[in-house]
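Please find the structures below.
In the two complexes that follow, chain A is the common piece, with chain B as its partner first and chain C second.
Let's look at the complex of A and B:
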């Protein structure tokens, strides 16, 4: 590590403290109005000016720590000593930064005991701005460089930087908001701390009742949630595996169609599947009407409840399982299978004793993702649940319903987290410590073995009807956007589309007069910003979790999954709670929406990256290291090209989820930054299904286009050297 | 790694930019989206103040007000059923304001203002009643229910839908109405008997009326003005108000405590109580009764004069403690009963 990097970082940090406004600006940086007021105006002043000119003495120690870092870099000394001093100075600076941010808020001291200890404070401070943010980033960078110089993380500053970045960002944007809201579980309505209250809230009969088994009545929401999640996880894993096997290991003719169909549900805005299921299976739906008309069978309401929710979740989450599994199934090296067949094992024995066990990390990951998706799902239970309550809906109604009880919501949120935690540990037990590496640098890896007949038939029998059914469901939804009122008036019309997406040509040029354009472009813009950030952060996290050994690795791994397990509504409220007041005051901006997208969707990138990475033999990294490649080179030239399916998965998922998320952002959107989904939900609530479906169809087309674009740009990974014959090869 | 940090820094630059605070009013709007858009545009035209509107249900809005209490982002909360507004007043989330327009309002709207010590005011009212799917009634050859007691008849077995009071203000109004009409013990007896005829307690208060429109259920317990909207959209929906008498909601408006644009908020508040503002409701195809006596009422709208209304005690039944008690009792005695 040259001493240039710490020097650059300390200079950059100090520059930010002198030349950029320390606090957040009402009108944003791009207006440029702050340039003239950097010294004199209290609103626009830089960090240094705030200390000298405006009496904010508490910022001085932070800047002093940064200056100390600069001094340390300039003094020639040994590597270790320089590292130790850097570490101490930057850690002290960070601690002071955090302490002043938390202790001094909008009205001076932010806690009563601080007032009691130090007396009233004249000053106050608003949210962190560009200057403060850059100073903090510089201090973080210096901390990781210091750690690396002292020999931590293999002495590699890149690894140290990656780990600090991931850890700090997760701490800030996942752990902190969730902690803020979970503390509420121990507080009563007036904010008094009463630990016993949590037990009281969790022991409620409504949560744990088993009356559906004995005596009749409804079961507790905890049991409902667990049963649903296990069924959903098992179902999605099986379906996802079937699709992945067909896509990679059979000569099935319609593979491409199949792939598109499996991707369809994931690009579908929420409520559409639920609505389509109601249109088809509801009491006034096509199936019931037909049964009634042809056989006089009385209409039933079976779609509302466990069955309906499970069906909708299977539709919605099978593609996620597919995306997790396809990388793994593709990655199982044919070498081992060929070896097995050389040893006279038949195809079935090879499949069950070699291929399947090698897919175990993928299967376990898919199961985990399915389980967690199911317990955190909100859209499907709310549309189709009827009386069947699950924890996520229960939490939502504890927050927004007639009870308005944050404490209960937080307690239920804790329970949900406990379930996620349990699933996580079970998954780690199942995968265990075995080695699943199959991609090594040892030359030609052969061709994948076609599936044994029995497995192929089973996979086709599962997948094809499912695909046909999906196709039908989407067909109905699509038609729903082209008729006047579904169920009443089937006159074909384009009204819904023109209402949403009209563009008028006038003398002044084009006017985007459709009602949907504003939310449409906001959504596209924010999702396009969030997706690459999501993928980058997710894959870097996966890389350090799989490839690096350091203290607190398991904790970090769990923390990455945290935001995924908490239902969107809780995240949304938690974000408002945590980021509405200084030190970080970003509610009402586009930034909070992007951050919410990134940290909520990153876990899938992490899981997919980890599953794919555990297949890549470490010897490749070692080979790169032997050739004097440093960590960044190894990552860029060796690991990333082999991770292409995972990159595609993470990018696609990051974009698509950003476009389709509802529950997490419902508290974060404003008139200025309205999102497509919230707009659609409003139309649905209003009963205006035509325009909702029309808009959803437009979004689906957009997302498919983006997926194809991402596939095209990132490309596929090439493992073997042989070209597959047309049949039996990979898609 | 640098690139990631750089990206984060650029992100911080580009987006930490809330709108300027000059001549703006931020409205949390808990009525239908067309109505919200209309009032935003019309107020902007009438006053020159830029309206930034964000449409959310009343439950979501009070959740947001609570979360933002230390640093409020909204100025006015327009619309939504009265109970959450009373609750916000009780929890000191809203500001006292006596509008000069108060004298032009119906007595029930003024009473809402006095009940909350001046923190909220009625802007519209809607009566509770039944939503009926005429096609299903004809098909099963059942006479439409006219009174609460009709709902206990065996021919409605599995045909009635109402919302769950745990999550819906509409359902709470229904329970409070029955309690005021029959006395608490008899009301719960009634609810227990009616349980046999209920097919689902939905989460949202408007869902039962939508279910009636789509033919998912024959009868719903809903606000009757929602039925007019569905009927105009072409669905076979009819409404009725019970012969014994029925309760009503008072859609309300409050000014957020600590509003950043207090002057504009008051301007908006006064304007929203005028007939010019209130007739926008009918334009948005909503049919609650407006609170200004001078506002013209469209012919389709259900009229209070044609119904038997009880003297709904908003002050008593709008209190959180009474509400929590009744909901808990419903949950223990009715909601958890096995399905017959």
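Let's look at the complex of A and C:
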């Protein structure tokens, strides 16, 4: 084995252990102040110095393992044996690394039984720094190489590296935070572990009360959340189906306009619809004013509460259901419907006995998406909920509000997670193992059967007014930012925009004096960092899931699917818990926000990448491999050029979702790193609608511009037509 | 020795797709892996390519142990069933691909690729997109792409299955001609027994993950070792009969009342399974010559070049082909069957 890779990684790791500060620095690496204190200063010392000079003996075994890897590379031996030894040494190193990181924290040993076992510890340690992180990465790389040398993952070190990277990062930034939230839910304020506490917290009256049914009063937030989610899921699925049927199975003239609907929710911050509803139905809204003016009815707070949130969610998430269902409806094979008609079934019977049952998995999927979107929604409930509390807002108040009860937040987060996962499993049950896929590689020469008249009329009657109203709402939202005070003074003005986005020209140059600039640039910067990372990680994950076979593939796929189902609020809270103490201490930094963006949005990139990749015949990869193309070359020269649409999608999605997300990051922002959405939410909570609306509109315009830019840069796939015929049965 | 398999096993989970096979492929020969779908032949080919790694056993290519090496590191190239031409590259770029990845400079790679395209008769097609070519031309590009790397062994995975019948015959002759002209070592997978016989120096017949028999096309057709092979290599009628040895070289096979002398040095006296080739049965109008097998025609079909008959006899239902189409027999006719010695094969030892 002539490869120099293991040698290089061992050396790089050892260099990092000698020449970089082991622990995190308050001021960051770029100050350079650490260069002089690498040996002497306790804060700046490298790993080696920490061991020798500062008595942190527990780091020694980790570095010893790394040194052992180097030794293994230098001893000539057979490929398999070298791989086996590398694997053992690096795995031991990793295990020791994790063990010391978890066992020794800010106050020495992190658990009482460790103190009992080893006695008091003089040292303590803060968060992982550059040196430690590089050592860990080197150990991971060596582990991958060791596995590959032994013939795992097709004997390819790049594939092995990609798989371990994806698995480790999902473990670290999705599984670990969720595990932490689980632990937190059992702990009291002093960090003492009390199993009964979770029950106590979950059994609270405020969560499960049913007083809205019997006797006066309000129901618990759990019921509120569930009822809202079921209504929202049912409503969006029905509306989405109506739209999908119209778009694919009727001669409706405005199909392209309908398609525009599907873009809107992607570029819209989730609370914009809520804002627009306030403009129409709020106290100073159009409807109340009209009633007041025409009949003298006093304005009501009708929109604040269940009905308002539901309405906002229906408007906001119907396009998502439409997006899911349009593919499903198109996927129903016309030939099957034609077969049904030749078997004496009329259009209606065909629709109800063939088409609808074939759409069942898609309907279940749309329902699941609606359900999860609803329970994860934070923006609309906080804007419109009034005293109708749901879990996501309740968690927010537990963390941010006066209660400051992390344990309760964790318990509520767990409950929310349980709802999401419950829906996820119910959906898988409903869809079952049976395959409903009716798109085969073969061409389908049938023509889609037109919808029966009754169904067509019903769909049109529901969908058209709904679509018109959706566009109207967006229109109001746009106009709302251009008048002085909605409801009182409709004088056209650009005041809100200047307040938010003023740029003054002074002697010192331009001054970005608008109130929104700070959060705006932070958002753009962090989203721009996160988007390529999201796309890269998502597509690599998709590539290994679709194209590589390895032990644990199903588990990995399941893990990415699961993280899709985890509501943003839960992720946000979990990040706060997991990353505000060593070994990874990044709360309050920009890094935690970027990480949250990446791992929150990656699952969608994975799904999109997997869908796109399964359309590309696997034999293309194999052809490249037999033509001496190593895995990274295959990826660059063959897979990525064919995946351009998916890359565009993942980049756009990664960016846009990072800009529009609220629920997850609301816990992670600080004064220094304030984001656009959280800024807007605060304006709304303060009743400052004008600037909130102006800002939202600016965001929407920004995102449309970004989408066009990415589309332009990455471009279309150069491909006459797809030639790969379906791969026949394999002997 | 270009390829050597030593007790190679491939398992998916607990199921063994290939259950311990050993064989060798000599340099400069074309060896076919033949078998019904699901027999493990494609898995075997992919293990040679390095697209699948063996669960057990050793694989040697050109004398080097490549068992744990991936496809990229092996000196092989492959022509895929779907051709797997990169749809975003021109014909020339496709053929250049392997040369470029092997580290050749652009000029040399282009020169090599042009030569390769000329070898398969596609000079001047450089700038075409794969989607603009016919199926046969795409096939040739795929061959050229594999050829230019001058690999120790070239692999063909059912290369003709996407072509129509006429083109299939032409392409298989071209592949054979190319292989012999350039002295290539080729491993070829197909499920089509005729195709295998037409192109191969040697055939390895696989069934249920094992090697059933290997040998020259003639060996396999004339001396199938098992009933499976007799059925799979060409058509044959299974029948029960009895064997009596005449001398070292010859036996008498008895089917019902009719006897035929067959060259066979292995069979032992007693009951045996006998395979009768349809072309070995001569159908005469009853009563026919002495020792003929009497029967009744159950079904008769006219196929242009010959007749096909299904005939009920005391030795079971037999299927026969008959080149005499000018005087066809019809269902219900009484006939006498004369068996030619060359098409009667004892395939199984006596059930004693």
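Here is the rule we use: the second predicted complex is superposed on the first by the 444 of 731 C-alpha atoms of A that agree within 3 Å, B and C clash if a C-alpha of one lies under 4 Å from a C-alpha of the other, contacts with A are read in each partner's own complex, and residues count from 1 in each chain.
The rule is short, and it goes like this: a residue touches a chain if its C-beta (ideal position, glycine included) is under 8 Å from a C-beta of that chain, and two chains touch if they have at least 3 such contacts.
Note that this is a predicted model, so its numbers are computed, not measured.
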- Query: Touching A:386, do we find chain B (first), chain C (second), both, or neither?
  - Reply: first
- Task: Could you say whether A:629 touches chain B, chain C, both of them, or neither, answering first, second, both or neither?
- Result: second
- So, A:637: does it touch chain B (first), chain C (second), both, or neither? second
- With the two structures laid over each other on chain A, which partner does A:619 touch: chain B (first), chain C (second), both, or neither? second
- Query: Hey, is it chain B or chain C that touches more of chain A?
  - Reply: B
- Item | Partner chain in contact with A:304 - chain B first, chain C second, else both or neither | first
- Query: Does chain B (first) or chain C (second) touch A:529, or do both, or does neither?
  - Reply: first
- Touching partner for A:489 - first (chain B), second (chain C), both, neither: first
- What is the shared patch of chain A, the residues that chain B and chain C both contact? none
- Task: State the interface residues of chain A toward chain B in the complex, per the touch definition above.
- Result: 24-31, 106, 129-130, 133-134, 137, 141, 158, 161-162, 165, 169, 206, 209, 211, 215-218, 278, 282-284, 301, 304, 382, 385-387, 393, 397, 399-404, 406, 484-485, 487-489, 529, 533, 536-537, 540, 573, 576-577, 580-581, 585-591, 594, 666-667, 669-672, 682-683, 685-687
- Query: Across the complex, what residues on chain C touch chain A?
  - Reply: 35-43, 49-51, 53, 67-73, 76-78, 80-88, 97-98, 101-102, 129-132, 138, 145-146, 149, 155, 158, 161-162, 189, 191
- As the complex stands, chain A meets chain C at residues 79-80, 149-151, 154-156, 617, 619-620, 622-631, 633, 637-638, 641-642, 717-731
- Residues of chain B touching chain A in their complex? 1, 4-5, 7-9, 11-21, 32-34, 52-57, 59-60, 62-64, 66-68, 70-71, 73, 83-84, 87, 164-169, 172, 199-204, 206, 210, 213-217, 229-230, 233-235, 320, 323-324, 327, 331, 336-339
